[in-house]
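Scrolling down, you'll hit the structures one after another.
Each of the next two complexes has chain A plus one other chain: chain B in the first, chain C in the second.
Now for the complex of A and B:
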């Protein structure tokens, strides 16, 4: 047995691991002679997450990041691949084992206002998971966790409608924290909030991680927020991870042209650098008919014939994993520089409509 | 706060009752003369005038209205012009039968429609869902007289299992209650299904699932209470209909209920009886709606008055 294999046996498994997971949706009705049309929202994603770590997942709307979040937390079962929690494959949704696992991993949903039952008070909702899982002293735990998210005690017997957006978000987080999970999957947790409230919630999440050793999967389209919270960042494009890197590395040396374009499109609060802001030309292609090969190639100015023919696999490039045939070529121009450069650079950017 | 809520609702209920009584009173008096129908065609004018004076129909309308009210407040609903019995007594004679039939039909609809609607919603798109919804369309498209006659033909004439008319035993109740309840069971199933689907697709249902709540808990602790508001609303409307609107079914099965009495009393312009029945139906409607309003307050905290203080969002 090789040393590497021995190490693999000795190391504890990561808290959460996805191995080539795929998830598709039907987009129409089944016909008489053809199956229902489908598209793959998540197409072969692999990643790992350690205890106490935050993995950011970023991408445009429709890139499959929310679907990936549902897979990671086990609300959806992958049609291929496997999600492992502490090395054990995720049980089927709604099985007894799956329900028992709800005390270990929890999810915070996108639309927090609608994520609370309008008929029940804050306290009732936060206490419910404790009652379901018969945890000791639910009343005390409920009060403890509501205090932990810094929600004023005078709000604990209110109904969701009587709370502001930031307060509701605290309740949703408290509810997720109540059964003492090891992992929170947060799907756009701050997108609906005012910027000042966003900062409060992000700081709260940060403190909770420090105090409780939580691991987060933080899904967001907002690179600024992800930059603030994540240890590592995965960039998704049309159901696939195109780049996965430690945060500092990703923001300093983005390897994938899409990541570069994404970073370059973020508004910069610095007048001296304002000129560098660019937009990626074209819309993301329809996920029902993804382009061949590298899915970014119709929008990529660096694309070569190989990009349309062969899908690039994630490969290590320094500390970064990147799925691009051309990344790492010496003398390759940065996409941001090309896009913000003189006009002719725009010429090769034709957006081909996929057949 | 609760007292204020009750006071407002009760005041509104009283106002509704006053409006109904007044409206019925006026419409009945100006829409025709009872002596035309109750007296023979060849009755002399002197006889007609005698009866008009006896029944107080010769007095001005406002005068009749005031004396009607003063009698009403002492519990006197007037005398049937037809057979000289107190109108209230005639109505109360029939009311228990109608309550029995309507109540049984309502219970039957709830027992069938509610569970089927919930199941169809939970497994929406499944063959069970389609079967329930197809049956429901069939159930409420079938007119009561047709279903009633069909049942009589099958179970009374052909199989000879159940009696076809009258109200003497529990066996007499089965066919009319089934006839009356089928259409509502079907409506209720469809209504429950759509209300439940509306709630089941809400994010808080996913939240409940991710809390680890069992399917039963999700349905009965989260979905049903939230879906109950529209369901209870239609229930409230339906109760009044079951009390006053069972005319066809009562006729087909010769069931001695209020519906048949009402139709008969209208036909012969028996003012006091018509008025008493309409007051009873209106009172039932108002009372059920009051109960429904109270239910809203209990089921949906958003409706509760006075809790809006200190709302921030």
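Now for the complex of A and C:
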């Protein structure tokens, strides 16, 4: 047996791995002679997640990050590719094996205001996953997990309408944690909250990870929040990952022009640096008719003819994986530098090419 | 989550006083329920016992009344109070059974349509439209005339009366409720569909369904009494309010109470149920809040 094979046997599989997953939606009705029009919300995404790690997924609205979250947690089945949990392919949604697996991976949905049944008390709802999966001693576990999310005991028998947004979010997290999962997929968990409450929830998630060894997939459009929670960050654009890097690397040396523009567009609370703020020209193209080649090329000032012809694959560049033909070229100007200051003469950016 | 705890509590503790008419309706209906349960214990005479010498005695305040028959007697000298109690028992019990049957049938069909979707949904929706377009009273007359009025046929016809409205309401509400965050969240917790339907969706859509019951119930009473009135429903020796009314109609000139008494009970019961239903709808329908 070769050394590589021995290593492969010794290495435990990653907690979660996506291999070229793809998910599409129909956008209209099927005609008599043509299939229903559809678009790919997630188009060939691969990533891995280790135990106890936080992976941030960022991107504009409509880039497919929520769809990717649903794929990763197994709520949707990929139409191509596979999601593996501890090396085993995710069972089909609503199968018995899938239901049993819910105790291991849990999801916190975007709209927390609606995530709780308005007719049931906090305790009843946090106990629910334990009753569904017939776990022992649900009462004690429910109290334990409510204490873990630091929700005051006087609120445990209240109804959701009697709680504030931050308290509801704690209840939702407690419910997800009750069956002792290894992985929590959080879809915009704090975007509906006040900034001060956001910080509390982010700190809570951080402490829970430290105490329980949880892995998180943290989906957000807010780079500032992702910067606080994530170990690694994946940047999505129109259904594809354009850059995947350790957090420090991504924020210090963004490689993809889109990441650079995204970072440059984050408001900075520093008047001295205000001038560096730039906007990406053009609108995101319609996902129904994605551009050819690199999907960012119609908006990219660095685009060359190759970018329109050939879709770049993720390739390693230092610690970063980046999907850009030109990233790493010596002497390449940064996008932020090009877009701020005197505008260079550029070809019109809003060209929208049908696929 | 804009509600502050302080803002939510006063609204909850402020129970609106029940209007007098609604209170009267509730009292009347509880009386009817009582009669339904215990008519045999309440009636002073056997409701079938005839007394040919004491025929068509007038009720209590009128001249020539018999103290033994406070509501008078009919054309065969049978005690009207006893007959009225038994008739009320039959009519209310049948309407209740028919309403419950329709509600259960319709709600189940609505859940099935929403859950299965596809051709099942289309078939049930077509059945709903089919039922809604049918003049059910005419159909019931034809069926009873053809099959005879066996009790189970009669009950089935009453149960089928109005099921489509429950089905339509349930289907729509389930489709909406299933997309609510809490239903999707519980699904993601690994709950099987029956868990989500029984513990979350049904309790959350129960309000509109109860309101529909209060609308359907008086209509079912009228449906039963109308069929009995024209002689296709309950037949002697059994009796019902519609049948009493139909028999009494022949003696309107010299014994008006034979028709007016059962007519009054029908009128008051349906009115009371409608008033209570209106009140409940105001309380239960979330779209009417604030």
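The rule is simple: the second predicted complex is superposed on the first by the 338 of 355 C-alpha atoms of A that agree within 3 Å, B and C clash if a C-alpha of one lies under 4 Å from a C-alpha of the other, contacts with A are read in each partner's own complex, and residues count from 1 in each chain.
Following the convention adopted for this analysis, contacts are C-beta pairs under 8 Å (C-beta built on N, C-alpha and C of every residue); 3 or more make two chains touch, one makes a residue touch a chain.
Just so it is clear, the model here is predicted, and its values are computed rather than measured.
*Asks:* So if we stack both complexes on chain A, do chain B and chain C clash, or do they fit?
*Replies:* clash
*Asks:* Is A:67 touching anything from chain B or chain C once the two structures are fitted on A? First, second, both or neither.
*Replies:* neither
*Asks:* For A:107 in the superposed arrangement: first (chain B), second (chain C), both or neither?
*Replies:* A:107 sits against chain B and chain C alike.
*Asks:* Contact-wise, after the overlay, does A:320 reach chain B, chain C, both or neither (first, second, both, neither)?
*Replies:* neither
*Asks:* A:54 contacts which: chain B (first), chain C (second), both, neither?
*Replies:* In the superposition, A:54 touches no partner, neither chain B nor chain C.
*Asks:* If we overlay the two complexes on their shared chain A, which of chain B and chain C does A:198 touch? Say first, second, both or neither.
*Replies:* A:198: touches no partner chain.
*Asks:* Mind working out whether A:175 is in touch with chain B, chain C, both or neither, as first, second, both or neither?
*Replies:* Once the two structures are laid over each other on A, A:175 reaches both partners.
*Asks:* After superposition on chain A, which segment of chain B among 20-28, 38-46 or 236-244 overlaps with chain C?
*Replies:* The superposed arrangement places chain B into chain C at 236-244.
*Asks:* With the touch criterion stated at the top, can you tell me which chain A residues are shared between the chain B interface and the chain C interface?
*Replies:* Common interface on chain A, chain B vs chain C: 73, 75, 99-100, 102-103, 106-107, 109, 111, 114-119, 128-129, 132-133, 161-165, 168, 172, 175, 179.
*Asks:* If you look only at chain B, which of its residues touch chain A in the complex?
*Replies:* Interface residues on the chain B side: 202-204, 206-215, 217, 222, 225-226, 299-302, 307, 310-313.
*Asks:* Give the list of chain A residues in touch with chain C in this complex.
*Replies:* Residues 73, 75, 98-103, 106-107, 109, 111-119, 128-129, 132-133, 158, 160-165, 168, 172, 175, 179 of chain A touch chain C in their complex.
*Asks:* Which bits of chain A are touching chain B when the two form their complex?
*Replies:* Result: residues 73, 75, 93-94, 99-100, 102-103, 106-107, 109-111, 114-119, 128-129, 132-133, 159, 161-165, 167-168, 172, 175, 179 of chain A touch chain B.
*Asks:* Going by the contact rule at the top, pick out the chain C residues touching chain A in the complex.
*Replies:* Contacts found on chain C: 1, 3-5, 8-9, 180-182, 184-186, 188-192, 195, 199-200, 203-204.
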